[in-house]
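Everything on this sheet refers to the single structure shown next.
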Amino acid sequence: MSVPISYPKDTVVSFTKDEIMFRESVREFAQKHIAPKWIEVDEEASKDPMKIPLDLIKKIADQGLLCIPCSDKYGGQGGTYTMATIAVEELAYADPAVALAVYTLLNNGWPFALQLFGREEVSQEVIPRVSKGEAFFGIASTEPQGGSDVAGIRMTAKKINNVYVFNGEKAYISGVGEVQVLPWGGGWFLIARTGEAGHRGLSAFAFLAKKNGVIGKGWYPTIYHDIGRHGLTTGGFKCENFELDKDYLIGEENKGFYYVMEGFNLARILVAAATVGGARWLLEQAVQWFRTRKLFGKYIASFEGISFRFAELYAKYEAARYFVYRASRLADKIYIEKDPAYNPRDLNIPVALAKMYGPELATELGQEVMKWYGAYAYTKESPIHRAWLGLFSYTIGAEGAQNIMRYIIARDLIGSEYMRD
Amino acid sequence: MDMVTILSYSERIDLQLELATLANEITNKLSGNSISAVIGYGIKDKVDVLSKNFDKVFVIDSEDLKLFNPITYANVLLNIVNNTKPDIILISDTKRGGAIASALSALLDTGCITEVTKVELVNDDLVIYRGAYGGLGLAQTKILTSPKIIAVKPGSYPRPTAIKNGIIEEMKVDIKKPEIELVEFRAKETGARLNESDVVVVAGRGVKKKDDLQMLEDLAKILGGVVGCSRPLSADLGWCPTWVGMSGVTIKPKLYIGVGVSGQIQHIAGIRDSKIIVAINIDPNAPIFEYVDYGIIGDLYKVVPKLIDELKKIKG
Amino acid sequence: MPNIIVCVKQSYDVQQLRYDKVSKQFLLAEAPKKMSDTDRRAVEEALRIREKYGGKVIILTVGNQDSIDAIRQAYAMGADEGYAIIDKDYENFDTNNVAMILAQAIRKMGNFDLVLCGAESTDGYSRQVPVKVAVYLGLPFINFVRELRLEGNYVIATSDYEDGLYIYRVKMPAIVAVTLDINEPRTPTPSAILRASRKPITQWTLKDIGVDGVKVHFKVLNTYVPEVRRKRIILDASTDDKIVNAVQKLIDALRQERII
């Protein structure tokens, strides 16, 4: 009987009793409801991206896996950020193509950022709907000209009397389909220009493209066909004089850059957690294969080219997992326990390490596992390519490109003044 | 221990015979008496075969025993225990038997071991083997009190060749009926006796619909065997009256073929003692492949028909 | 408005149990534990009865400090009260001891209509405790129940035996042991888990329930992993050609084994 890699007696990452019980609970939920469905979800939505698994989203919501760190007064779970991290890791383990894990991570990280920086009335309006799986709330920052250059954002939000009027275009945004099909609707933590050029002229909004089931005027969405992670839509939208009540401004005008950077730090922890969950699934596929596959009359793991490589990748997996939970513990100190000894900037390096390391490990591992499996892994029948393609998306973008993570680590260690031309 | 008295009970005559084998094994080494207890309603004319395998057969046949309840049955059995003063009580570990053994153990304030697969005599004392930790392990145990109550898994011992010529004695006892009423009985279709066949083909979750069991029947027929189900097919889908594995039937045929069986540990615990284990499964990661002599990784819907064809060629 | 006592056991999670490859001994100290699978269903069933008919769900366990976690888990599912009888010698207790302690505790708690148990524990699997509790309490007992409902003061329970389903009717108070098939237990949400950890648990010693000590009726000499000697010859049948080859090899092997 093989014991899955999924059961480390954790010594490095110390979970509370509540978190351990929660992990068992979410693991059982995910194995019962998500694991048997993920291939079907990935396959169906690969043909039609609008085949969004609404039934599973509802189940995830009913299980209390959305808005975990949000206050219970907004219909959140009143949990720790580490609980959200556990939920995402376990969902990704059950759905290594990560569509549902990413749905879950977005709808934990960004509602929580809304709660931290937004108006109370807005949290009261949005979070309960997101928590029940009736609305989506993600992040909209990237534009067609690029994603990493947040300070270069072009979409404008002009204040006219009591409304902001939006013009411009967002691209490669997760949830464009979900906002349209979920009954209440929802939108994004959106960044638009309200002032001067550069990062000091940006504001953040709770941009609700659809609320109470009604899509706002002047909002024109489009859906893309991704190569993987099917079941969560990616799309873009244009705003042509789209109007939003001024109350949906998050925090102060022209401070949006700072809010979104903190939000990115939070969300990146969960992105990295998804890649760690997927990586664990990949490792288990490898171990199972090693225990059955023989070549030249020997188990293939008897070839050191394979077993040593496996050991190296396992080391990276443990490191990635450690980075993830170290960052989430720190997030708990800062945002849940509000420990005055810590401040949000302390998250920069721990989060960048996790977000740099997790996706790269998962992608590298996916490739290796496919090579170990051989030609079978290249057939559509094998599920491994689905995990690999899904996880690969997080080396490309999503809450910050990989080189941005490297930049953050280097900048904070060396000093930004030594890194300019 | 010299001159032991062993009392055996099972609600099924065939399982009583298995207990007779174990009882004989012990009384052959330590001289003693092997007694059988038969209790129930309308059973007294079925006990002749037992007299050929036990020294004495006690029969309690009463309409008051028509409704089964383990506590009632244990209390009735207690009369025979008090009468015969056994050192060892063997009960076959069916669902009914295990509960009777347990209730009797509480009534007599003595030790009871269930899930027993083997009993050894070491220095005139019994070492009792039972499955442990969901069938993953084996525990060697000892009962410290007397009488020792041992509930033996069906199929653990073969049937004996009749050698005795015992006395049958009917007993009348007072029976306190339980305050329980049977509202309805829904019989399960009684399938083949899985633990009596030399070849057992077991269908698992990989078999997509009930009609497909026919294909397995065909395979079993050629090999002179029977078809069984894994737990989900029986308990969840109701395709078979019972299942192979822990809490179902334990089997040890000469040949076991698992078709689309993934091989949960509870299933493995029920087939572990088979002579040859074969599995056919499309999933190379199915845990059953760790326990097989021969494992075929492939689509059962292609492999089984081919296997049937080839076997037909041989067997004509 | 029935008061239901549910007896639960914190078991080793046998799916995650590891053993030493050399000594063949189980590594119990490091093994994770969880509430027994059938006990969880008993808790779930009690909660469903409460949802329909009202009343209270009270959890009872015997064990060491780890068994507190089983009550926490039942709380997270929604149970109302929890009692744990803790004893440092618990690991040596036999089924008679555990059943007697449960029966004593149930007597002390009083005021109950129904006692639910899992028909067997995940790790021990002896199926002995529920019926013994019934013997000690002198109450009617129904085993292997896969369907349960109340009708006034009566329980209607479907027992699953080898030959068929027996539907019994019994007046409460009664003791019912349930099987895995009775329901799918709920998985608690984060907020329910957090609430559960703040809820008090009553802890009793053996003395508190009037038990002076226990007499052990049997002992385990050794528990080990039996040797699996299997050939583990794996045949690839992923293509039509390979099927022909694999089937032929299997038939040759079965001939050699003198099975055909």
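Going by the order they are written in, the chains are A, B and C; count residues from 1 in each one.
Going forward, contacts are C-beta pairs under 8 Å (C-beta built on N, C-alpha and C of every residue); 3 or more make two chains touch, one makes a residue touch a chain.
Quantities reported herein were computed from a predicted structural model and do not represent experimental measurements.
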Chain occupying the middle, per Cα centroid: C
Remotest chain, chain C as reference, centres from CA atoms: A
Interface with more contacting C-beta pairs, comparing A-C to A-B: A-C
Chain centre separation in whole Å, for chain C relative to chain B (CA means): 22
Separation of chain A from chain C, taking each centre as the mean of its C-alpha atoms, in whole Å: 38
Between chain A and chain B, centroid-to-centroid distance (C-alpha), Å: 53
Shared interface positions of chain B, touching two or more other chains: 136, 265, 289-290, 297
Interface hub residues of chain A, defined as touching at least two other chains: 1, 292
Multi-chain contact sites of chain C, meaning residues that touch two or more partners: 15, 17, 234, 238
List of chain B residues in touch with chain A within their complex: 136, 265, 268, 284-285, 287, 289-290, 297
Partner chain C, residues of chain A touching it in the complex: 1, 3-4, 7, 9, 17-18, 21-22, 24-26, 28-29, 32, 63-65, 68, 72, 77-79, 83, 87, 292, 294, 376
Complex contact set, residues of chain A against chain B: 1-2, 285, 288-289, 291-293
Chain C-touching residues of chain B, taken from the complex the two chains share: 68-71, 74, 94-96, 98-99, 101-103, 105-107, 109-115, 127, 131-145, 178-188, 190, 199, 223, 235-236, 241-242, 246-247, 254-255, 265, 272, 275-278, 280, 289-299, 302-303, 306-307, 310-311, 314-315
Chain C - residues contacting chain A, complex: 15-18, 30, 32, 34, 69, 72-73, 76, 187-194, 196-197, 234, 238
